[in-house]
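Here come two complexes built around chain A, the first alongside chain B, the second alongside chain C.
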Partner chain A sequence: MATIAREQAIVHEQESWELPAEKPFIVRAMKPWLRNPAGFIGLIIAVGFIVLGIIGPWIAPYDPRELDAQARFEGISWAHPMGTTALGQDMFSRILYGARLSLIFGIVVMIFGFVPGTALGIASGYFGRWIDHAIQRSGEAWAAFPQLIILLTIIAAVGPGLKSVAVVIAIGGLFGGSRLLRAVSLVEKHKDYVLAARAVGATEWDIVRRYIVPNVMPYVLVGISSVFAVAIIAEATLSFLGLGAQPGTPGWGIDLSEGSNEGITYPMLVIWPGLAISIVVLGFNLLGDTLRDILDPRLRGSMGDKH
Partner chain B sequence: MLRYALRRLIWLPIILFGVSAVVFVMLRVLPGQSPAEIIAGQGATPEQIEALEEQLGLNEPIWDQYRVWVTDLLRGDFGEEFYSQKSIKDEFIRRFPPSFQIVMMSLVIGTVLGIGFGVISAIFRNRSPDYVVRFGAVAFSSIPEFFMLTLLIVVPAYLWQYSQPVGGYVPFYEDPWTNMRLMLPPAIILGIAGSAGLMRLTRTTMLEVLQSDYVRTAKAKGLRQQTVLFSHALRNAGTPIVTAVGTAFIAVFGGSIIVEQVLSIQGLGQWFFFASLQRDLTVVQFLVVYSAFVVVVMNLIVDLSYGYIDPRVRYS
Partner chain C sequence: MSNDGLDLRYWGRQRVTRRRVLSGAVAGGATLGAIALVGCSSDSDDGGNGNGGSDPEVPTRTVNDGTQDGAGQPGGILRVRQAAALPSMNVFGPGIFPLAQGLTLGFTIFDHLWYVPTDTGVTELFLATNVEQVDDQGLETIVTIGDATFHDKAPANGRRILASDVAASYMRFSQEVPIGYSWLQDVMESITATDDKTINIKQKFPWAWMFTSSNAGSPIFSSIMPEEILQDADFMQSDGIGSGHWFLDSHDNGANVKFRKFQNFRTFQNGGDITGQPYMDGVDFVFITDDNAALAAFLAGEIDTHGFSSKKQMDDTIAQLGDDIATGSDLARDYMNLMLNMKDPTWADERVRKAINKLIDRDEAILLIEDGDGLKAAPIPPAHTRYLLPEDDEVLVDYWTSNVEEAKALLDAAGFDYDKEYELKHSNRVGDSTLGQVLQQQLARGGVKIKLVQEDLVRWFTQTLNQHDFSMTCFQHLAYEDVDLPLRFYLGADTSTGRPANFMDYSDDDVNAAVLAAAQELDEEARVVKVLEAQRVIMRKAAPMFNTHSAINFAGRYEYVKGAITGRGSLGLFNRTTWFSDEQRRQQS
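Here is the complex of A and B:
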């Protein structure tokens, strides 16, 4: 009680203080980003990817499936900013539509894998006991196997396709999300504000909903960044191997695999889709690393921080 | 330690039993085309499919199928491929060497690069080598393996008319040059891809260890920098690093499937890939149990090496 009384006294005292003029919100929000140029680049790439994934089909100059026998293997030109494919399709339009496929896949994995994983992780971190054991042990067993082996086994059972891929990557996201959120909820759980809430008679459910959840929310962003990175690579890899999207679908993995047939003569057919995947994944990785650094100085050690 | 190892080994058959049962049931219960339909091809009559299912033993009750499969496995009879009727054992012996070589070479390359660059990054903390290494780690973990492997085929051929050999595995002891031309470049790519996590972990652990009192003491009493670095610091950072080598192994193990597929190397990964597309259930379930065996043994090796690196570790 004594500490609370003292804090109240301090708060009371502060009211009479002259507060220094606060910088505008946008300046304060930008500050950590400007100190982390790598993270800032990541943020721009991630936002750019999401925007292009949404508006891509409207700004694409051509129908990505439209064949043009007169315009096969064209180089870079004003009419075709990234040239054309072996079938005379406009590469730039295909890349734009491919962004949408990757974005949709990422969102599906996030909604069906990461979001429930987040809930499980908070439950397992805060309540512990058997639920914690059950989730963590299954997560370990899952992570012990290469995901590609699990995926090939699922494909042997139900057949190839984006759906099978999505199920496996979503389960991976579920365990990944639960591990991350478990770790941060465990930390939050022992903080004073939880103790204070319990002291004033908040129920466990109230504490989770009104105190733990808002405090671990920033880490959800870290998780979402890495879920997108993993999902985009997974979809592209499996489509490249012929296990994901149908041939002909505008998608980065499919385009790369189709381009590789002619790649020795026309390397750009491989390089454009490959660059698209690499840049977007790099963006999400840089963004996730930077967010983690800003949120938790103890976890520092990745890109762009000054110790 | 011996008792600990033995106790862990008792778990091995239990885990393998569990994995085999789960996979066996999953492959037969989940909805999907029957393997007999795929083998019979399009336009086969239901009677033909029925006859094939009968022949493959897929009509028996699932428990009987499982019992037969497991007793055969224990007797050393791994069964036959659905399609070619080839013996799975012979096929395994033929396909094992290239896969083993690619996984081991990538693991060694990845471990050396990961630990090496991690130590460099820690020594030059917040100076340019550190930034270069850290950016490299993020960049290389962002480039998908299949893209790097495609570039390996495409770029030298386009620029220098050098073609990366594809397929045609020759054992190292028969023709080292041909073998290395095929295996070394993809092993480097796979190794780099697997080393990023290891590098980060080595860096963080080394940073912690380098600030500790015993490292300061070692420096103060005038030991050479290499001695301080490798026998004092790195050894104490060893336990987490070995764990990360285990994780890198899982990555490389999965990545070898992509390598074999892109470079058409006739290894286990390529076999797994085609078997799962063709729903060759006997091959898939055999390879899953084999992978589980490899993963469990690898984990055991990692756990046992803790005691070797850090004699304070007590097994119980």
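Here is the complex of A and C:
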């Protein structure tokens, strides 16, 4: 009886337990970001950049290519919040259009480079054997060549332009992505849930599709933020060198390059596009770092999460 | 602060930045042109052929001979900027490069028979002591050279210059595939040495500008050097021997070139005595690729001269350095243009070409590209004041008047394809790139869609321009010191004489006749009239090279740099009269 009574007491005690009230989703979602202000700033910058890249051309007050001989080298004003260029073009409008160029470039590199690279990486890590060898040795062969040399070769063959730059950066993203995802997939394929799936008769394709891909997706997000930063700075660098965007195109790199000709006399010509590049790249890097910290359990401690 | 004029960048307003290393092939000449202490002061002889709409102070020319600052004092090394490294020291090639070498070395370590200053048009004898055209048609010329020696370097070892060296040098240049058009190939029939001091030049047909810097007096294609090195490409890769007032002392793979005084330089020129020249001990080129870095070097006193990118930059510099520097401006002889290639059938219709010209707003282009400091250009650029059409010339007024509505009407009438996108190729030089952007927007006003294609300068020059591989292109012509080339560019191919096609593959009987009539008119007054008429024909026919404008260049030097020759174009590059008034600078060597 005593035993029964004790068990009943325990049951009663358990019934009286109350789980803490679950916090709203937004609070839970924001928690890691608020613990890492730098990452939160990065998130805001990245989101702002994407939004500007999408709506920029609609909110730009002027045609970024429009010449205005009477408004050359103007300073900051209500009419021209960032002043004007040597050709009288509105710098603010060019920055907004430039955001779209960078965004498109980043998306192109992501779609044609990182995303296929992700698939290759998962295949490489999960299936191993000759698939792994073929993909990874190709990546190593690619990495053996300096990308700038490859880029210059391609440009010598087909001429300068964003397409040439995008091809090279995308290929770089492809192998970079495959290397990252291969490592992650290798870890995932040995986990118990994969073994369990296999035990209940799931096919290899099902395992990859239903279990591996969802579990490596956080790393893909981290990779995407890095790819964007790399793509933006690559586009700006190569445009600055005259190998990317053609003169006249509203783009941060080309504007920085053209502004540098008058940089001492009119420093704002280089400050605005330079700031735009720096801020956005910094934002994506902060975002990437924070995503990695949030999504990698081993690093959670480093950002103050004790759970 | 003195404000006498000077032009330190005679060869053009070239802004070479670090991303344009290859641009230096041509720009090297521009940079090294900094040695030319040429300029002008203000008077009324400007030619005044229209300005950019902002009423710029148009620089004018008052020619002096470099003695305006008093007697020159010996000593000192002039430090000037070098924007791009020379790929070699070989003035014979390959590709575009002899242009850079020729512009750099041709004026300095090499001597020439003569020179024709732009302002006077009168031949001044250099190495030649007598020139005589022995027939009325000007088909045969006898040249006598004076006593002079080559630099004391093996294999010439300071030996005397012979007439055979002169003939061999000209023949060597004539064997090279020339850049653009070559008098050596098209006009000259033979050049022979009849004895040690006498040269006989025969021409296929008379040519008015035989002696000028475009032809037998070309700084690029008439440099005189010893026969021993003419075929020695290995030697010329890194060194050169001439008889110019400087000898090539050293360089770092084409950068930081150093010239030093040739102590045995000839003492005669045009019947006068020039003993003691050059006054300076030498010239050091300081390799600075970036324009902003060059300005900083000038501000810091690390170089003695500087070409400003704009009047504002010059004014800012004056505000900082005050009386320490002298500044000035000069109307450039180079000029910008839009060129159409007749291989593209789009441009075959004269109405389309006229429409394109009507869409070009030259005033706006000058404001946008040159900050208003420039002059509109007709087929002959504005620096050649003797050949300028009056501003109220009916044809000129119509040619220069931009009219979008008229252009649209012409395009409509010609059935122009508005849906097609036309490629406008240009080099990666800043000026060419900016002009391309301006033209793109101006032509868009008439519904002409332009896609800009930027190319590396070497590729653009050797392939696009020289191989006529373009539909549209725009660029800055070099600074020609006579009107021969600006006019001859419109001259079409002639298979009977072997004359090659021009860059535009354009040939029009009326234009050809007008240009040839001018070029073969030996009487100067009559020639001026014919040049004016040739320009009218070119404009009426809308010949497919539409010159837009010439810039006004702004330059500065430290006040202690004296003895600048003003208003003499590239004679400044031959300048031996520069000297330092500062004793300390004279002692530095």
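List of remarks:
Here, the second predicted complex is superposed on the first by the 277 of 307 C-alpha atoms of A that agree within 3 Å, B and C clash if a C-alpha of one lies under 4 Å from a C-alpha of the other, contacts with A are read in each partner's own complex, and residues count from 1 in each chain.
Criterion: a residue touches a chain if its C-beta (ideal position, glycine included) is under 8 Å from a C-beta of that chain, and two chains touch if they have at least 3 such contacts.
This one's a predicted model, so the numbers in the text were calculated from it and none came from an experiment.
Looking at the shared chain after the overlay, A:160 reaches both chain B and chain C. Residue contacts after overlaying the shared chain place A:246 against chain C, while chain B stays out of touching range. In the superposition on chain A, A:61 contacts neither chain B nor chain C.
After overlaying the two complexes on the shared chain, residue contacts for A:260 are found with chain B and with chain C alike.
By the touch criterion defined above, A:214 lies against neither chain B nor chain C after alignment on the C-alpha atoms of chain A. Contacts of A:286 after superposition on the shared chain: chain B is touched, whereas chain C is not.
Between chain B and chain C, B touches the greater number of residues of chain A. When both complexes are overlaid on chain A, the residue A:278 reaches chain B alone and has no touch with chain C. Taken together, the two complexes place residues 159-160, 240-241, 260, 263-265 of chain A in contact with chain B and also with chain C. Touching chain C in their complex are the following residues of chain A: 65-67, 69-70, 72, 86-88, 159-160, 240-242, 246-248, 257-258, 260-265. Taken in their complex, chain B has these residues touching chain A: 23, 26-27, 30-33, 125-126, 134-135, 138-139, 141-147, 150-151, 153-155, 157-158, 163, 200, 203-204, 207, 250-251, 253-255, 257-258, 261, 272-273, 275-277, 279-281, 284, 288, 291-292, 295, 299.
Note for the complex: chain C touches chain A at residues 15, 17, 19-20, 53, 291-292, 295-296, 309-310, 312-313, 316, 364, 367-368, 371, 428, 430, 433-434, 436-438, 440-442, 452-455. Considering their complex, residues 38, 143-149, 152-160, 229, 233, 236-237, 240-241, 243, 253, 256, 260, 263-265, 267, 270-271, 274, 277-278, 281-282, 285-286, 289, 301-303, 306-307 of chain A touch chain B.
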